[in-house]
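Quick one: structure below, then a few questions.
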Amino acid sequence: MKTVLQTDKIGKNFGGLRALDAVDLNIQEGEIVALIGPNGAGKTTLFNCITGMHEPTDGKVNIIPPGKGKTCVNGFKPNIITELGLARTFQNIRLFSKMTVLENVMVGCHCRNKNTFLEAIIKGPRFKREEKQTLAHSLDLLETFGLVDFAQQMAENLPYADQRRLEIARALATDPFLLLLDEPAAGMNPNETNALDQLILKIRTEKKISILLIEHDMKLVMRISDRIFVMNQGKNIADGSPQEIRNNETVIHAYLGEE
Amino acid sequence: MNSEIRKSIIAAAWFSLLSFPLIVLKVDYIEKTIDLRWNNLIFIAVGTFFVSYVWRYFLRRGEKSRQEETAVGIAIDQKKRPSVDSPTQKILTQLSNLTQSKPLIAILLVMIVAFPLGSSTYQTSIIISTMMYIVLGLGLNIVVGMAGLLDLGYGAFYLIGAYAYALLNLNYGFGFWISLPIAGMLAATFGVLLGIPVLRLRGDYLAIVTLGFHEIVRLVVENWDEVLHGPSGIPNIPKPGFFGLKLGFNGSTVYLYYITVVIMVIAIIVIRRLHISRVGRAWMALREDEVACQAMGIDTTKTKLTAFALGAFWAGIVGVIFAAKSSFVNPASFTFYESAMILSIVVLGGAGSIRGVILATLILILLPEYMRFLKEYRMLLFGALWVTMMVFRPQGMISDARHKYELNPEPDGNENKS
Amino acid sequence: MTGTYDILSYFLELFSSGLTRGSIYALLALGYTLVYGVIGLINFAHGEVYMVGAFIGLIVAGIMSIMDYNILAILFVTLTFAMIYAAAYGFTIEKVAYKPLRQAPRLAALISAIGMSIFLREYVILAQTPDFVSFPALIPKPAFLLAIKNYLEPTEVLIILSSLTIMVLLLILIKRTKVGKAMRSISQDREMALLLGINVNKTISMTFMLGSVLAAFAAILIAAHIGQINYNIGFIVGIKSFTAAVLGGIGSIRGALLGGLVLGLTESFATGYFSSDYEDVFAFSILILILIFKPSGLIGTVATEKV
Amino acid sequence: MNLQIKDIHSYYGNIEALKGVSLELTAGEIVTLIGGNGAGKTTILMSISGLVPPKRGEIHFDGNPIHALSPDKIVSLGIVQVPEGRRIFPDFSVQENLDLGAYLRNDKPQIKTDLDYIFELFPILKERRYQSGGTLSGGEQQMLAISRGLMANPKLLLLDEPSLGLAPLIIQQIFQIIKKINQEQKTTIFLVEQNANLALQIANRGYVMENGLITMEDKATNLLGNEAVKSAYLGI
């Protein structure tokens, strides 16, 4: 097993508040890791530090793309990090709501194409080739996510659960090796959550992508994760298999409160 | 019902009171005259009564349809929501669908080509202006409509284009055709120059800075007499010659008309192609959500600058046509109101829609031109239109301007429909 | 010896005219800043309220001067009328052009505001005149100020003093009264203000009215000082006052005062010692530079978007 | 006094956050609502306060419907919320924050008495009286938030996660004071908490919420050892 992401004692301060404190998180190739913890534990901040939305105050975020060397991405812009192969979704869905479902996914393919606006104006050969690939690839993804029937619908008109799924499809369109999902099941009903299960497992096996997800739905977390990483008040308090976490007293305390 | 009438009466009374001093009284304290214009007040009272009634009616209806929409969302829950089209939306959609019919486009083209043959120079010149505004609207539509960057200083690039031709001609004897690309590129360069510093600014701050930029450009031209010829402007700018041939006034206007037609057609094709390309999608993603856009691996800096440059380019081009058409440029032709007018076209047309821009130009430029009585009230109505548009239809006339990609492309890649 | 005297008196002249401008900018900047604080909108039509205030004042002052009233009475009544009317205009503008757009994207409200501004200008052109009209000189030159008239222009001193007074009154109002506290609480956290039972709609209306009153006050003073007005006066002054508000840090009340005075003084000295041709270019350049390099202004705080 | 919530459905944007919630509070009680993140606890409070009015269902207070009232009317009836994350006005001093709590009140002498009472409860706030709210520590801010709520003279106090992000010792202290307020002022308290153990220790009754629905209701003592509570958080 190879490591694809490694954070080295990263910390983040917001003013006087220490939102993250010396967090070490490793993710292996093909692994599904769940990141859990009570409100305000620093989970989304960790996500933002990894994906370049925030720069960590201290420590290092290292990524190791398959077949390539280790890169420290501290201070990289988010788009560069995406190009390197990390893709993410957002806690409060951030789709391009006034674009079609298909276009949303096509935007995801942007960084894997090279044609310029001049080629688009004269419809150069590279433009034609890449557009065809983009379209085919996007439709493929929509097929996988069961959204192909809505391809020409405005994204904002999709039902909520479909919007969540579309966000994942869009992230996959950037062709990542590591996918970060921020509360993918939020607002879904039990049936939809079950379907999401299958989808996440399928992404892992078919596309050989590692997945890091923040999730509050513990049933989902217990079912699909290989490993659970628990945070509380900016710190990592436990890291282990679902079975271990379930019986971990520290974790139960963090959630249920001290006696 | 009654309460609505009562509310409208109150509104009418309120607005009459509000406008009374300015509408009714006109005082000249030096001549010691007080002019009383009571008839104006009657007009205001009756006018506001009806406007208020209709305004309220539509506000309520908007409220209701929003509620119903959510109700529908609840009822069918997990199924896709049907798109609820209002009658106006349907008419507009049908109208814009018409523009897709090939015969209609052909007829339109023939009409455009034949127009100068059967019309006076004056009429021809009006249509040239209209086409100029279409191109300007399309250009600004890249920046505002597609990329979502509110630019209140677009007129500055228009000015730069016009002055580029005027000065190149005056100082170096450059002709129309050489100046055309130079002016376009120059405007695009200025677009980037404005773009770089404002990259971090968003929304309303960006709007104010671009407005400031416009005023700076205009004021510099007004005050820099030695190089830019100050408020008096630059006269005697030649119209393009026909292969070295000097045409008369009428002839050269007709010639300019056809040049403008060609430029307009090129602009429409180019901008449509951009719209459905990789960079066009990046612009729209930027407009929808800058954070998500960046998370998709898009370099937002580059995307913004391309939008500024490609938008400004067209203003530069139209600037040259303007200089040639009026054979005279001065800073007074490029006030903030020029920018406001072009922005009106984009806002009314529906941000992002090419057809919308064309339709809006026809309404905003041609209507006042042919309805003289409107002319005096034109700007007043513009102002009212902006407010009304934003309150009731912020998405503009043609809102569903999304391109439908051909889902099963033929092996050879069939032409896309738009 | 005379040389030094000239240099000094020229400096004083520029200083007092700078302060005069500055206090006018500050009065208007307060309007921008208050509204921005409460609803996060650049009230583009604010400059137009100033202009409408001046025209209302012209009509009232005109009628009264035809009827030969005492100049102080005219000034008092003119100010009162202009301020009341401006408040009514501010109130109405908010109700018509902004309130329906509370939930809409910010750009929609801004475009609506610009539309309102265009509308009001054209309305004054059509209802009154597109030309410059002269405005009666209403500001008295009290005897005690004549003593210093070699150094400072008496009307300017009066303008500065009365502006400062009204600003202090406003500060007290905002600091001490219930409505002032409501305004400030909404600008910090609107949802929390709602949870404490503050009527947000009412407070927003109050904010617009307050800003408009200040604008009308400034408009009458400056119109009476300069002696002429037209439909365009609100645009330029509006932009500059907005610059002042941004300079100080938009949303900050002290910032608006500081920004106004700083802008007025720099403008006055720059035009006095360099060139007056580029007076407005100068103001716009400052605006752009601040927005680019220090968008949070002199006393503002940066708001970051939550991801 | 009592509050009855009958089958309310509330939406956050497109999401149905409450899918038919009913509950009841009687005068003088401390009732706690526990459940995992995203279960819809905060939405219930926002629906009561009128910020997220329910699309369907009814809320009655003292027998009168309040689900269609504006937030300021609801506050004036004596229903006051202390929201999650404290939401102190950072630019206001402690005193000004407290004054705003009493925004709708005009009974000067009574306000003075209440203020004294609060300074007795939280002496630290008296010390920090003229300091701006933004400079307080997390615990102090939470005390100020509760005090600000009390200044509105509530009959019913809605507390949203008062323990969030605080050190255990401070949490203990705050919960003791919540209990004290309930006993001394006879204020009904509806406590939304993640810290289930602590909340259930001071509460009379408790509701457990999962996925937009109330899944359990019982005496607090019964819920304390219940496996369902664990399940609400850990999904075991």
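When the chains are written out, they are named A, B, C and D in that same order, and each has its own residue count from 1.
The rule is short, and it goes like this: a residue touches a chain if its C-beta (ideal position, glycine included) is under 8 Å from a C-beta of that chain, and two chains touch if they have at least 3 such contacts.
This one's a predicted model, so the numbers in the text were calculated from it and none came from an experiment.
By the document's definition of touch, common neighbours of chain B and chain D comprise A, C.
Chain centres here are means of the Cα atoms, and by that rule the chain farthest away from chain A is C.
Chain centres here are Cα means. That of chain A falls 49 Å from that of chain C. Centroids of chain A and chain D (each the mean of its C-alpha atoms) stand 34 Å apart. Averaged C-alpha coordinates give centres for chain B and chain C that are 31 Å from one another. Per-chain Cα centroids separate chain A from chain B by 40 Å. Residues of chain C found to touch two or more other chains are 307. Along chain A, residues 53, 90, 159 each make contact with two or more other chains.
Shared interface positions of chain B, i.e. residues touching 2 or more other chains, are given as 291. On chain B, the positions that touch chain A within their shared complex are 77-81, 83, 270, 273-274, 277-282, 284-285, 287-289, 291-300, 306, 310, 400, 402-405, 407, 409, 413.
The residues of chain C lying in touch with chain D in their complex are 178, 181-182, 184-185, 188-189, 191-199.
Here chain A touches chain D in the complex through residues 38-40, 159-160, 163, 183, 186-187, 189-190, 216-222, 233, 246, 252, 255-259, going by the rule given at the top.
By the touch criterion stated above, chain C contacts chain B in their complex at residues 41-42, 52, 55-56, 58-63, 65-66, 85, 88-89, 92, 96-97, 100-101, 104-112, 114-124, 126-128, 134, 136, 235, 239, 242, 246, 277-278, 280-281, 284-285, 287-288, 291-292, 295, 305, 307.
Residues 14-15, 17, 36-38, 161, 163-165, 168, 171, 193-199, 211, 229-230, 233-236 of chain D are the ones that touch chain A when the two sit in their complex.
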